[in-house]
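Same chain, two partners: chain A is paired with chain B first, then with chain C.
Right after this comes the complex of A and B.
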């Protein structure tokens, strides 16, 4: 009953300490409704135990399995093979960009998590602040809490053209984290972390971050909204008067 | 005073991470190895239910008491990765309504605070629930982020000196002439190089894989990987965790998580848990069961379906039993093998107490007079696990 496709996984390999990378092909017979992560895990389970990759929840809540699939950032656990190739097709699997590579598909996320921590990005919040501010939240559920949308997968950083060329750029995930910190607690959020050369003003509005985000975070929107809030605050500071829109 | 004993934990799931934290706080020198990263096996793929114990309050009160105690502790120490929106046990059929008093008596006996809600009350709070609902109990369930819960324990352990070696695969376990575990051989999967790691004690915390690791040390641990399916839908249909008011069965829990709803689960047995393909028949069964509780879920797209292999302990062994929910196997008393302990079974909600009981046994072995402190402090931020070591 189930269909089977023959696909080739072309995976970028690199062992720790080596400077050169190489492509390795793996041929698989697979149900196209399985995911790209399933395919990668199958390669590890049945063909090559030396392949390294990060993964945990397999349902888009942990953010560990981000990879580049045919040059586009994907959360591989929710990417059906059917959506990215065809029967007898090829999938190019690479680690995320703009992160140091540890080995194969494993990247070093330490700096990324440190930045989120500095921004005091909240992890759990009430529905009223966890949602995007243009989304409707019914009053009876507003105070119920939930894990905020950002699963800290790093896809936005990998897709960002500015992060690619400027190492100092704070990046879309951390700026979104600050935006959420501001929503959760306006007094403790440190806006100065965004109001500088490497912060929100460095963004080129390419919106690649929002395009690849698998979890409704809309980093592009949040960066623009931070700019708006900063303009308002700065105008108030420079010229005085009543702070508009408060 | 002797030198700090060195402990090597195999497995960086919930148990291994919580155990690393507990032992580090008690002053041991701890190293954790895993062939994957953190939570790459069963732990990561868990359903994400922080049990209140209600599920077990009738047929397994011992497990239920353990759950409510741990639920209360995790509320205090792991707020950062848990949604506490409570849970509902719904009576949809007359048969389930008839179970009301039995459930109530069970919950009261186990010390689980519950509250009866009538149909109107339930539907006003959760409009998506099946309008045929007859009533239900509100219980203190929650849902958690699996990776972050493990990372919070692991980060707290690492910040206090524990060493984590992810992507290190155990190749062999070597026993010395006095039938004590001497060293293990690991492959660093980042480099492909082989490493010899010595320790005063090796703890096998590999859950569904515990039998395979124990075999390397020449001992038997009767664990059968017992997978179940979970189906995640693209929309969050409730704020409460939604359960059925009956004895535990297949597909009777819907857990809200971020913008998703996740239903589970089933149970069967496999020999090898390394790759378990998703069974589409079971997915369909889960969808049908979810519709019984939340009819509108029929129109929601499936976001992911996945399998997770629980460690099912075969009964009838002489293993040292600490509770029906998990077991610590002391291979010295069971098989005459020194320096080797296996901890398996259990559930995410009880990972902290599993670690506590295992660490108690470790302390006993080394005559190390330190008590458990893991209840006392809030865990460090899960993000600090990734801090570069100074």
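Right after this comes the complex of A and C.
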């Protein structure tokens, strides 16, 4: 038997050209095992066709449906309603932070993608290089290529407290992309891209990026590992040793 | 543009809603850091009393023995302990050391800080 919950979606609205934002409530009867994205789609389908939001794959591959749900960054297509509210409860839905708002829940991610491009973040990587240093690699399994974990959803940038205040900060996703590019030996990947005041040194170790990442990319770990690589490289340069890495 | 990063957003640093333990460490270091800077300014003002003669300085020190100011001093010590110990955690992770254990280290830093603050609280308020 299907359970039905009555919930209220409180959605932050803002249309292009408007300077003011406002909250709008929508009541829904919904199966709590459906996802938050299902609820937002239902509001659009049956209550307000002017509501704008991004979505595509519905199975956590495209990274398009990132939103803030009750103040926490979530990939809404894999977030069951049951996990974020209760019967007769409320869900506050906001667009991601630290991105310009285009309309309602749609944010402008063009600069974010440009940063990933600059860092040469790979889309595909071999098993051994896609893994984090501490993850187990099975030597007897044939080397395969796989899609790397980052789905470019932007949740990490939204959760980052430094990205809140510093527009120039490259951000956790792009720095993770650089870390992965270096691991995959991408020809144009350059560690020096992270070695500036808007790069790895801007991070203040809140580790929110790792906490909200829906794909276990561990941006916080990767940023700190880039720092370690940079320190090692600079140390060698300062004291006349051989330069380590690129 | 609305939603873009801006220095004016800094108040959101201190919004704990929905944030994880790492952010608590981030917030704690900012609050204690600001508190210590404020204390440093006040400390300079106190030292300035020296230039107004021994009598003015003695009366000011007498005022500082008021329990309210002793609690204030305890808060300064607490801020120093928390900022320093959490700073060690941040320093270690910043050099790529024990990054995977940052949360465990935050908990350990919290326990050590609480012990230190308790020690000073007993020492400073015990005889009050």
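Following the convention adopted for this analysis, the second predicted complex is superposed on the first by the 234 of 246 C-alpha atoms of A that agree within 3 Å, B and C clash if a C-alpha of one lies under 4 Å from a C-alpha of the other, contacts with A are read in each partner's own complex, and residues count from 1 in each chain.
Basically, contacts are C-beta pairs under 8 Å (C-beta built on N, C-alpha and C of every residue); 3 or more make two chains touch, one makes a residue touch a chain.
Computed from a predicted structure; not experimentally measured.
Undergrad: According to the stated criteria, A:45 is in contact with first (chain B), second (chain C), both, or neither; which is it?
TA: Only chain B is touched by A:45; chain C is not.
Undergrad: Looking at chain A, which partner touches more of its residues: chain C or chain B?
TA: B
Undergrad: Quick check on the superposed pair: does A:62 touch chain B, chain C, both, or neither? Answer first, second, both or neither.
TA: Touch partner of A:62: chain B, not chain C.
Undergrad: For A:204, using the defined touch cut-off, is the partner it touches chain B, chain C, both, or neither? Pick first, second, both or neither.
TA: After superposition on chain A, A:204 lies in contact with chain C alone.
Undergrad: In the superposed arrangement, does A:221 touch chain B (first), chain C (second), both or neither?
TA: Second partner only.
Undergrad: With the two complexes superposed on chain A, say which partner A:78 touches: chain B (first), chain C (second), both, or neither.
TA: In the superposition, A:78 contacts chain B only.
Undergrad: Looking at A:17, would you say it contacts chain B, chain C, both, or neither? Reply first, second, both or neither.
TA: first
Undergrad: Show me the chain A residues, by the header's touch rule, that chain B contacts in one structure and chain C contacts in the other.
TA: Looking at chain A, the two contact sets are disjoint.
Undergrad: Please give the residue numbers of chain A that touch chain C in the complex, ascending.
TA: Per the stated touch rule, the residues are 14, 19, 21, 68, 70-72, 95-101, 107-108, 134, 159, 161, 163-167, 169, 204-208, 210-211, 220-221, 224-225, 227-228, 231.
Undergrad: Residues of chain B touching chain A in their complex?
TA: 36-40, 43-45, 48, 79-85, 124-125, 145-148, 167, 169, 188-192, 230, 232, 236, 239, 256-260, 262, 274-275, 277-278, 280, 303-306, 381-388
Undergrad: Would you pull the chain C residues touching chain A in the complex into a rising list?
TA: Against chain A, the touching part of chain C is residues 1-7, 9-10, 12-13, 15, 17-20, 22-23, 25-26, 90, 93-96, 99-100, 102-103.
Undergrad: Going by the contact rule at the top, pick out the chain A residues touching chain B in the complex.
TA: Within the complex, chain A touches chain B at residues 2, 15-17, 31, 33-35, 38, 41-42, 45-46, 49-50, 52, 54-64, 77-78, 102-103, 106, 109-110, 112-114, 116-117, 123-124, 127, 140-141, 144-149, 151-152, 215-216.
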